[in-house]
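After this come two complexes, each holding chain A, first together with chain B and then together with chain C.
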Partner chain A sequence: MSLVSGPGRGMTAMPAEMQLYVDRHVRYIQSLDTRKDELEYWLTEHLRLNGLYWGLTALHLLGHPDALAREGVLAFVFSCLHEDGGFGAAPGHDAHMLYTVSGVQILATLDAFDELEERMKGGRQKIGQYIANLQDPDTGTFAGDEWGEQDTRFLYGALNALSLMGLLHLVDIEKAVQHIQSCANFDGAYGTSPGAESHSGQVFTCVAALTIAGRLDLVNQEKLGAWLSERQLKNGGLNGRPEKKEDVCYSWWVMSSMAMLNKLHWIDGEKLTKFILQCQDPELGGLADRPGDMVDVFHTVFGIAGLSLLKYPGLVEVDPVYCMPRAVTRRCLGK
Partner chain B sequence: MASHGITRGPGTAARSEEARQKELQQITAYKDLMDLVNTKLAERQYTIEVLGLATKLLNENPEYYTIWNHRRRVLLALFSATPSEEAPAQSSEELVQGDLLLTFALLRKFPKCYWIWNHRNWVLREAESILGADAAHQLWLGELQLVNKMHQADSRNFHAWSYRRFVVAQLERLATSAHATTSGSLVESEFNYTTKMIKTNLSNFSAWHNRGKLIPRLLGEGNADSKTRRALLDAELALICEAINTDPFDQSIWFYHQYLISTLSPSCPPEDLIVSDLNNGERQKYYEHEMEYIKEILDDEADCKWIYEALLYLAEAYLEVEGGTKAFTTKDMQSWLDELKRLDPLRKGRWEDLGRRLDL
Partner chain C sequence: MPKYYHDDPAWSDIDPLPQDDGTLHPLAAIAYTEEYSEAMGYLRAVMAKNEFSERVLGLTEHIISMNPAHYTVWLYRAKTLSQINASLRDEIAWLNPTALKHLKNYQIWHHRQTIIDALDSPDGEADFIATMLEQDAKNYHVWSYRQWLVKRFGLFDDEEELRWTESMIESDVRNNSAWNHRWFLVVGGRDGQAIGEDVVAREIDYAKRAVRKAPQNQCPWNYLKGIVRHAQLPISTLKDFALEFADMRRPDDIYSSHALDLLADIYAEQESKEEAERALHLLATRFDPIRAHYWNYRKSLLEQAGTAA
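This part shows the complex of A and B:
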């Protein structure tokens, strides 16, 4: 682990309210796996692999990619991999799209697809097939697992992971695109399924999936951009739907979508930066949903990724489509 | 790991030794239960006893999705089990009722947990194949009451709204297959449900959204003629204008207003049209009427940015059908844009882009 304080060192010159506590966030993330004397640690086992993706990505964006030992991370990821190519949340947990995507994202970030092949012959192909089998041949959308729940989150996850592995040809992209279109609403935004209310999280999944499919031309960019810009509230924070409260995680869902539409300038970046920074725990590190609330690694990564989109000085550039370092997605996608 | 709205405390380092010991005991008890359930499931002990243990574990942690999966495997085995002396079987109906009670209690406590909603949905779909269509119809009817209760607690819960649409689709499907001659459509009562929800709280965008989704069905299924369609459009505009007058600062209302206006446009896709035979003269009248009404509100609410935004989108729609107009001038549009820039500096970049797009 790197003991040198990387990017962020120069930040001490910033006014207190604009300060990002890089070292404390790094220590907070490193501490997450040592909290076995807290009940919460055990009650959140079903999020372990997602948590690792969130923590690792936050560390990469903070400029501390080596703060978690690579070997340990990979050993855990492989311990979640099932014979059929799906990943569970932790050893002993069933395979599901949500964890499979996190597993692939971690392998991509750590450039570890060769190690995957060493662990499981044809592993990449197997994972791709696990994902492809979850596509509904009639509607083009994806289920989360064998039990059949469908949601645009899973469709996005499938396209995300498959594109990182160069395996998009395993699924029917055209059908998936049609399904996304059927989830569009009169406000220009998207829901979980046809008929469902627009929600910023689902907007991210749909716009990102369309970006991967090369079909952003189908988005009503003027209307959706307007709807997204109205997520910003007076205090600078963003909400997920009309007339709801602000929350740091929407800094990611809303802003990443705006970045993909080239409309980031439609909100006030400085005010949002201040809001995100107020959500830090200045002593123990980590970010919360709102100022003064309890931190968690989910809000930590999406707050930091939001700051990266806002070009906060010293942070590594994030890819708005994948929520991963841009350098990583460039390497995987060959562009 | 994703906590919302919980105030930050002093952190676990500040726990008293007593509190620490208590938490360690809780962890041991939880892990013991987890190990017990997982061991029995690994041995495929698909029994009533294991189902009870799974219930206990899910009550402590309803996010434990793998246990929900196992629960379904146990239930499937029990549905088809033959009763024996050592293991008196519970009827499938009792099992279904048991899981409906469990998920109801859990949803009241964890209304946003996807896995609970999913499991309930699965139980009801299974119930149909086990108990038959009539019993299933009764069960789905009961689900509307569940949604009502969930909406009383949180009228924006999008899980409950999605579930409601699913329940309605099941009821319509079952009614149609039972009585091939009647349509079984619930579109009218669902439309009325949104009216009720809106009247309770104008700011309920979930209800406005659903209303907008129901309108094309309402008109299509009723084979509505031109007169009926116009009447519906006028009624909707009257309803939304009343809402605007009540709270012009509420964005839910303006999104619905914009939706209604968008259906007037000649470039509106045919399937979204409310009135299908409007001519440009009628369109202009609608636009003018809305502009006049909205301008009147300005007298009391000169600092409401939504009014200026609406005036600009009405003006743009107007210009789409008629270039030369006396209803407003370019100077008016310029002044509305200036007000937007003044009142809404957060979205300054958007208003600048709008000015360029409208050539102002």
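This part shows the complex of A and C:
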């Protein structure tokens, strides 16, 4: 990487094409909750708690952790919490693993587990139990909710949230690890379930779950690293599967996996940085999947988190396992 | 035409329940359009009194048509279907066009799986899948669902299944989902069962023919290497084939970085260090420079092997 990062050589010295529009992105994220008259707002209600986690994380990585009022965020998070310890996407939505993980991640980022206890006695334990109950005792994997749909995303989410709360002992880690092993494919990568096509997003969930479990030794690291680096296309962007188009969100799924395997240098960071920056909306803020497309908060956080992994100057360090500020995970995990 | 419930006699016994936002903070207040908001109010009301009925099916259908990603609605619909013993064939008939309207939605697939499982028959599913894949031939949900069908109904040895996969690969030789499905049928889904020599030969031949169509296509190369490894054949089995696409004596005529990559492995295994280095050098400098660091790393492994020997 030839990007400058020393003191006094920050973003202002950057050529226009290498500029990250921090203030615009902050304003974009702040504006998301003021757009309630738009159709899009209620059509994405099922993603509200995820969206809050994405926006909040992006703001923290941009160095503006206070841009959303802490109290308001917490009030909303608690309004999604069910008595059984699961979180729904929004008030009145059923509890589901994916929102429960976002809920825990937000509480961890805001250092708010004490407030959780004030609000719900034994809250942390209840959330942990909700997650633990979703583990399939036979296969070791996790369901997303009472429907029973299973996916390596849910397994990763479970280990992510439980580890942040110090409650990994509630589940059978060895069984979970065996399940991940069964999702490994002939090309060295991983899919959503045994036999399902390799996909960068699923690689992230499997590698991150194995990292949390302390079992990266089970990964064929050379082969997976090669498969991951093959995701980079000539325009610098990364794709999710062979022979598919590039998309900014894979900057996160692919790069974080490579970072966990210590192979981030196998791809061209400078070209990727340029590609991510081209996906910005320089006027209204936010990042899109690829240059010229409509921005959204999902691509915004994963683009910014990708830039953080690429050591873009001025950004807060991200933890590749959790997609949260490294300082936060250090505080929660004590390492 | 928006549909409302407040003036519908069939719903006059229900008082819709407004959204409980928990607090009045702006982050929590959620604005809907009127139609959606009213329908949700009626759904909350029927859920609160555990009503399962024909009209609930109509209501959930209405909400799903506006917002198929609302997983709670699907869940309640599934419960209703089983409580009132609704016709599952009718449900599938409704699901088909609904899935086509909402290609990226995944709740719908889980729902479908539950219904087909209860119906205990895959009849008609192949046709439906074909229609879905016409919209997006690499739709991950559709392929995952197809794998589930194969497992659930034991279609591994169904010749039609393999033939269909071939036709998908034929229409787009770069469709990695189709290649993965082939692997699943031939090797992956068979719980580690060994495959016969004739099948190995057939698959190697099949992948080679696909490479010849598009030598820079990752999918058949991955497949080819996978089969050779699975059959525990030495990778040098593929040396002559790789040379067809990457004769290092004539760098201007190299037209597959994947062939070069494979040759580098073969030469390394055969301890032809210089040749291996040459292949990796060509990759790093000319045929795949974006990954130069990776290829240089592979070169450094050769050095280490050399010192160790």
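By definition in this document, the second predicted complex is superposed on the first by the 325 of 335 C-alpha atoms of A that agree within 3 Å, B and C clash if a C-alpha of one lies under 4 Å from a C-alpha of the other, contacts with A are read in each partner's own complex, and residues count from 1 in each chain.
Heads up, the rule we're going with is that a contact is a pair of C-beta atoms (placed from the backbone, for glycine too) under 8 Å apart; a residue touches a chain by one contact, two chains touch by 3 or more.
If you're wondering where the values come from, they're calculated on a predicted model, not measured in any experiment.
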Inset, instruction - Based on the superposed arrangement around chain A, label chain B with chain C as either clash or fit. - result: clash
Inset, instruction - Report for A:Val73: first if it touches chain B alone, second if chain C alone, otherwise both or neither. - result: second
Inset, instruction - With the two complexes superposed on chain A, say which partner A:Asp247 touches: chain B (first), chain C (second), both, or neither. - result: first
Inset, instruction - Please indicate which partner A:Gly51 is in contact with in the superposed arrangement: first for chain B, second for chain C, both, or neither. - result: first
Inset, instruction - Classify the contacts of A:Pro313 with the two partner chains as first (chain B alone), second (chain C alone), both, or neither. - result: neither
Inset, instruction - For A:Val295, decide between first (touching chain B), second (touching chain C), both and neither. - result: first
Legend entry - Touching partner for A:Leu284 - first (chain B), second (chain C), both, neither: first
Inset, instruction - Applying the touch criterion given at the start, work out whether A:Gly122 contacts chain B, chain C, both or neither, answering first, second, both or neither. - result: neither
Inset, instruction - Look at A:Asp33 in the shared chain and tell me whether it touches chain B only, chain C only, both, or neither; answer first, second, both or neither. - result: second
Inset, instruction - Determine where on chain A the residues touched by chain B overlap those touched by chain C, and list them. - result: 36-37, 39, 42-47, 88-89, 92-94, 96, 145, 147, 149, 185-187, 191-193, 195-199, 225-226, 229-230, 232, 234, 241-244, 263, 265-268, 271
Legend entry - chain A-touching residues of chain B, taken from the complex the two chains share: 1-9, 11-12, 20, 23-24, 26-27, 30-31, 34, 38, 60-61, 63-66, 69, 72, 114, 118, 122, 156, 158, 161-162, 165, 203, 205-206, 209-210, 212-213, 250-252, 255, 258-259, 262, 272, 345-350, 353
Legend entry - chain A-facing residues of chain C, complex: 19-23, 25-33, 36, 40, 44, 67, 69-72, 75, 78, 110, 114, 138, 140, 143-144, 147, 174-177, 180, 183-184, 187-189, 217-219, 222-223, 226, 229-230, 290-294, 297
Inset, instruction - Spell out the residues on chain A that touch chain B in their complex, using ranges where they run on. - result: 35-40, 42-47, 50-51, 88-89, 92-94, 96, 145, 147, 149, 185-187, 191-193, 195-199, 225-227, 229-230, 232, 234, 241-244, 247, 249, 263, 265-268, 271, 281, 283-284, 288-290, 292-299
Legend entry - Of chain A, residues touching chain C in the complex: 33-34, 36-37, 39, 41-48, 52, 68, 71-73, 75-76, 78-80, 88-94, 96, 145-147, 149, 185-187, 191-199, 225-226, 229-230, 232-234, 236, 241-244, 263, 265-268, 271
